[in-house]
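Here's the structure we're looking at; comments come further down.
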């Protein structure tokens, strides 16, 4: 797609000053994506970033591509219209946990079930950043925020479970400060034909610092990250503390020390049509400060919405060239001399 | 709760003429509920039916209880406000597949994750009835409707999977023409402390007749209904064709002839905290004209949203009687003589 | 022709079919309309049905009706009071008899008057026996029975069930009335055969019933009269009947062909707008992409996304859905992209009267968004005019890079009239005029550098190298489009957005005043009141009153010559099916003391009530010849 | 006091603190406000900050500022141009210097002017060296350095990091300015100790810096002057400073106590309304239930549900969120339940200028719904007045069973002023007057049988036996509330809903005209322009102009005496921070040729610009004494 041009990250970097707080996790994600796109063979003019409102949603301004900073929650809808009318474009959505899961929850789940070819990157910082620190649908029970001075009482969504329940064909999780992992996941999302949902854990240093400490800490985080690799047994942890994900009686999976796992270690299959195992894996979370899975939970093929629509348009067109005059005359006509 | 009154279905029947098409599945559901409520000990004045817009949503008019016919898709929101401010009431939501899953999808999933004590009855007829026959988010791929003359291209939601992905604590499925089953499920929903989501397959005789033929047919339907009973092995089918639900390699469940099932037959546990097995069961559907599960997929305890909120209000109140004067004087004050 | 029959020639007839929701009255009316169009009459129709799919059978709540006026001269409305009323049951009689002209013809299906029917309709005794129908010329017929008997063979041969036979009674009635008004039934025969192609026995039954009804008229001696209404002298051309929703869909397709952009139609079903979606979904061969969204917000959001991608983007709804779209329309104002938003108005507030007509969304579409967010507003005035109105809305949207609100209503949507097919070659040129090259110094692209004459900004499509840019809802710096919180820039941009919309008035042709500035009264209208207003004005003039009228296609901006015109009259009347919304705008803008005639009854105005109102005003001012009083 | 110092007495001072978003200017301003209030001055504040949490450090986009006017007489605005400007870096200078009065005092933190700072601010050479600051009385101080040096001990003892030390420079500046204007810092010391109770070292550092700044003023010989502003002669009572959002929250709590209903507050965060949610969430002990909904539609939906259940139901948002609530507000109109909807207006259209103020939602709240859906509109005019406005909105909602729109804006929300605590016993009586028994014959309950005087319908709560009933958005039959598609009933109900809202005017006290009907000009305003308008009018009068003014609390319905008042003036000016929305309503209703002064700059009006406008108008009409020209 680059047509002989050699593109670099600079070709994807706009001249606008980046307006996030110093130390915000968004910077790393931006840099990773600006670095990745040229490698993927994307070209700026055929790339569009669509967003809603929030800190994360400022993303399009910093990309020297086409961009649409929409309104709160509606990015998946705007992106759907764009992708349906222009299947030739690479359409990305950048959204936050409030934008995507609170006000925009419905558009998100509908885009996923339709399998519109849009890549949805959810920057999950478990807080409303832009509006200065209210709890979000991913904030933890009991979390003290400006709007929950006595602790949040809402049971949070698990974004991966929700996406799987909404029939998503590609579901993954990664995090802001592991550039390689981020880029690997985003590459797969880009190459997936259909909608891709990627939850990116992102640190909001101002209003929710260290929310993901157990998996994000530079020193100890890696050992709590359960890496999902298609076709491989799910084993993780520090050298001296290897652990495995094993099947559980009554459905679901759990974590055991590797040496107690016996033959029950789960071999990850992201391509299986039944989303149950992926759902089981999504129930392992870092909410209690423990380990959590990262990587691609699910990646299956289903026709893209826009391809099906274009197909109908083309099939309709095969009935012969459309004549406006003939259309107007479909009903009985009569002539007045 | 009936305080010595003996109530009958008549006490729950309003004087308004029922305005559904002759033969509509909604009639049976109405009758079943009017018959059930007195049995449950519900009283008309403490019962409220809230709905959105659609054929199903006309339901409140026919109940001699309090009722609120809202606007399209917003019933869960209205009901949430009512339940939060009045935890003493029995609040029911009656909604359709368009009302609940299309325009109202977001409110539905948020009500479920919050576990507001509202009973949500989704009359799923896989069509927009009131607006005369467009496809809905549960319509089948390829379905020909007024708005999909070449066949619907949207991949449908599976309402049970979606509810489970949204952290619902009570999830069940039943159908319009099996009164006993309907009443059993609704009784359990009523008794559940928290939000209950019940999908009721409902036949729209005018715009989508026989959509659920395989499980609803008077003669053969019963043998295709996989009855889920807590604590029991999941076995179903005609006398001469017993089948079982068994675990599947790689996660999920499948159906086998009972005699081939071996030791893998799933024993249903609706109370297990991990929703994975319930999710697995939800993937068995009648889309291809085969069997589908009915009954309670999941029923677990989690504090009700309104109880948590009332608790905060009460705890705050324990700090002593609230004085408005003191509130106004929280900031530094000075006196001008 | 049988010998007993005399044929009388009439100039205009108003007929109404009324029955249960399940009786097929809409279909009967539709077919009678087509047959009438074929005879060359001018006509106008008024379907009227309950909000329920099938409201309780036999009750007045369940009555569905279809009214049609046809004439040998040009007519403007479906008529005030029917000359002929056909009722299929007691409830239909109860609900409609009050409207029938004294001396009018009443055809009654007596099979719809058994005790149960009477009770459901709320009759204590049968109106057929109590003398209450004396003022009318009543024909009591066992329509159901006549129909089933005519289909006995088919039932006996088990080709159809006897239920099916009884259902065909509407075709029997249609046949009878067709005979009565000398309309040929051949096209209906052909239509039935096509419609029931998959159920030939049903087709046969309906055709049979239709012909049986026709023959019944011809052979029975019951009817003294047969009527004829000669063809109307319409302007020459090729005609068809068309409803507003169909005309609107065709207008959008025509516009899309004309500007060379694929049509993207994002919509969520809602009465009475859904039929536009249904119609467009059938025409994918024109490159139309219909998207049934999860809600109205997604529908307009997707349309706006498609517009960003270069499609001809359209969304439609009725009042409640338009309210939901408000925030996104505001975004469209901010990003300045072409978009057509159609509001097929219905009775409000809230869910209101979903199947009834009203014009009460004008102020909503003018002002229903946060901040200063001006949007052009265009309204259609008759079913066929929806075609032209759609093209005009597209023209403005493309030329000015702006969302445009297009108003129709339930009456226009479902009502139909003969429509002269437009000369396609004469349709306006529509040019998307995409940006293709950088417009700034040193090769940069300035997405908010405006065209000096229209103030429109460039429309640069993704896929175009070198024009990469970002748009959004935050305030943008003039010219560059970068985010700007500068106070003066915000004021300037607000003024520019307003000036752009105001400037549309430059394109508008001079207003066509029907009448003279020296007339005693000016009647100003907009939208579907066109027909009744014109008809009333005609009648007033026939009575000797001097009255002018003006019908506005453009409600924002107002045409440049409107103010002078208004001020040349001493008295202004603004009839609206709302509580005075256009009136408010006219008063605020031009400080003219316009008076209103305001009714929200879910029904189009009757020419008679407007006539009475106008005559009353003229009389009060001593401006009405006494002779007519 | 040291001997070098002379103390000068001033009547009013305008001071502005400006720095980077991270420099704590809002906090500094807030504290200075409290200290100033304590001294007994009248005051008004204007916070101004970027939409980003922390926009790029060092750039003009990242500048945050806080302006305060204080005086020994009563004042109405935060002042036009500052007399004193404190800037923490080059960008703050660049962005604010244009506003400083010639001859004004400029305090510069020179540590914010290194090369990187200058470059980010877009300075080619340092403004400190190029003579451009000559018109001002400039004090160049190494504030950062002075602060860190004063905290050296704490850093060395590792109690705090040197980063923390540098951060305390705003407290140093506050100390210095407090000395300069003779304000005691004790309450700030106490406040700091409480705020940082969990980090005592940080508390200590800030207190230290504050005192160091104060002492620096006292000991250095740099400052020739120290100023004093005597207490203002405010009406007697107990005072505090209050921002509009806080006053609004308190008003709602007071109303809830007064009517005995628990407050249900459904909201979704949005600038500048979120602080109401934050405030209310902290007061659950008053029975307040705050519900952070998934979006604005759910927020208003839940509130309406709570209202059905008998709560005092309130929802709030800013413009974009109000647009989303439109459909549900229409439902509230149809079901006639009490509901207060607060719109804290900000710059639009669309996302617009989220942190800036504007008044451009008036027509949205009037008309932004489908169908004829009239809603009362109430507006607050100053931060403290938000308390009363909230109570008035609740009163109308309860009395008339209707949604009420309450308008404030970004300036009122965040701005603050001294506020005399109300006499709680004198607050209006609010009575929910729930229905408790059947109101129909034979013991039936008629949910739409209206109170003949208010036209309000009964409010019957679930839980009440015998009053079971159903409500909804479809048109309802008068009296019974059953679904009705009857044409005449729909017209009647539309008129009744309108008449009910219009009838609210009966309760309203006569308008208080400030001035005489014989004055040469009437200035009409609403909302937060109250201060600047009054101030401008005062100045015009001081110049000898004869001008009256009128400020509207009720925008729908208008007070009954408004028309006569307007018509008694030849010239009417309507200044609004929009393009003429109230003006449109006044012109349409009263046919008066009101002129507008319209600016949307995201900033409150300055009294000076209004003064100039008014004087200009009077001059044009030869109505201004020449002496003042």
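Here are a few things to note about the model shown:
Going by the order they are written in, the chains are A, B, C and D; count residues from 1 in each one.
To be clear about the criterion, a contact is a pair of C-beta atoms (placed from the backbone, for glycine too) under 8 Å apart; a residue touches a chain by one contact, two chains touch by 3 or more.
Remember, it's a predicted structure, so these values are computed and weren't measured experimentally.
Seen from the C-alpha centroid of subunit B, the farthest chain centroid is that of D.
Set side by side, the interfaces B-C and A-C show unequal numbers of C-beta pairs in contact, with more at A-C.
One inter-chain figure worth recording: subunit A and subunit D are separated by 39 Å, centre to centre, where each centre is the mean of the chain's CA atoms. The distance from the centre of subunit C to the centre of subunit D, each centre being the mean of the chain's C-alpha atoms, comes to 46 Å.
Those residues of subunit D in touch with two or more other chains are numbered 51, 61, 284, 294-295, 320, 327, 331, 335, 350-351, 472-474.
With touch defined as above, residues shared between interfaces to two or more other chains in subunit B number as follows: 53, 71, 102-103, 105-106, 110, 137, 150, 154, 309, 312, 315-316. For subunit C in complex with subunit A, the touching residues are 34, 37-38, 40, 187, 231, 234-242, 250, 253-254, 257, 262, 264, 266, 283-289, 291, 293-295, 297-298, 301-311, 313, 327-328, 331, 335, 420-422, 424, 462-474, 482-483. Those residues of subunit B that touch subunit C in the shared complex are 17-22, 53, 55, 58, 71-73, 102-103, 105, 128-132, 134-135, 137, 146-150, 154, 206. Subunit C meets subunit B in the complex at residues 51-57, 59, 61-62, 268-271, 274, 277-278, 281-282, 284, 290, 292, 294-296, 320, 350-351.
Contacts from subunit D toward subunit C in the complex involve residues 50-51, 61, 318-320, 322-324, 326-327, 330-331, 333-335, 345, 347-356, 358, 360-361, 363-364, 366-373, 472-475, 485, 487-488, 490-491, 494, 497-498, 578-579, 584-585, 587-589, 591, 593, 599-603. By the touch criterion stated above, subunit B contacts subunit A in their complex at residues 102-106, 109-110, 113-115, 137, 150-151, 153-158, 161-167, 247-248, 250-253, 269, 272, 274-280, 283, 302, 305, 308-309, 312, 315-316.
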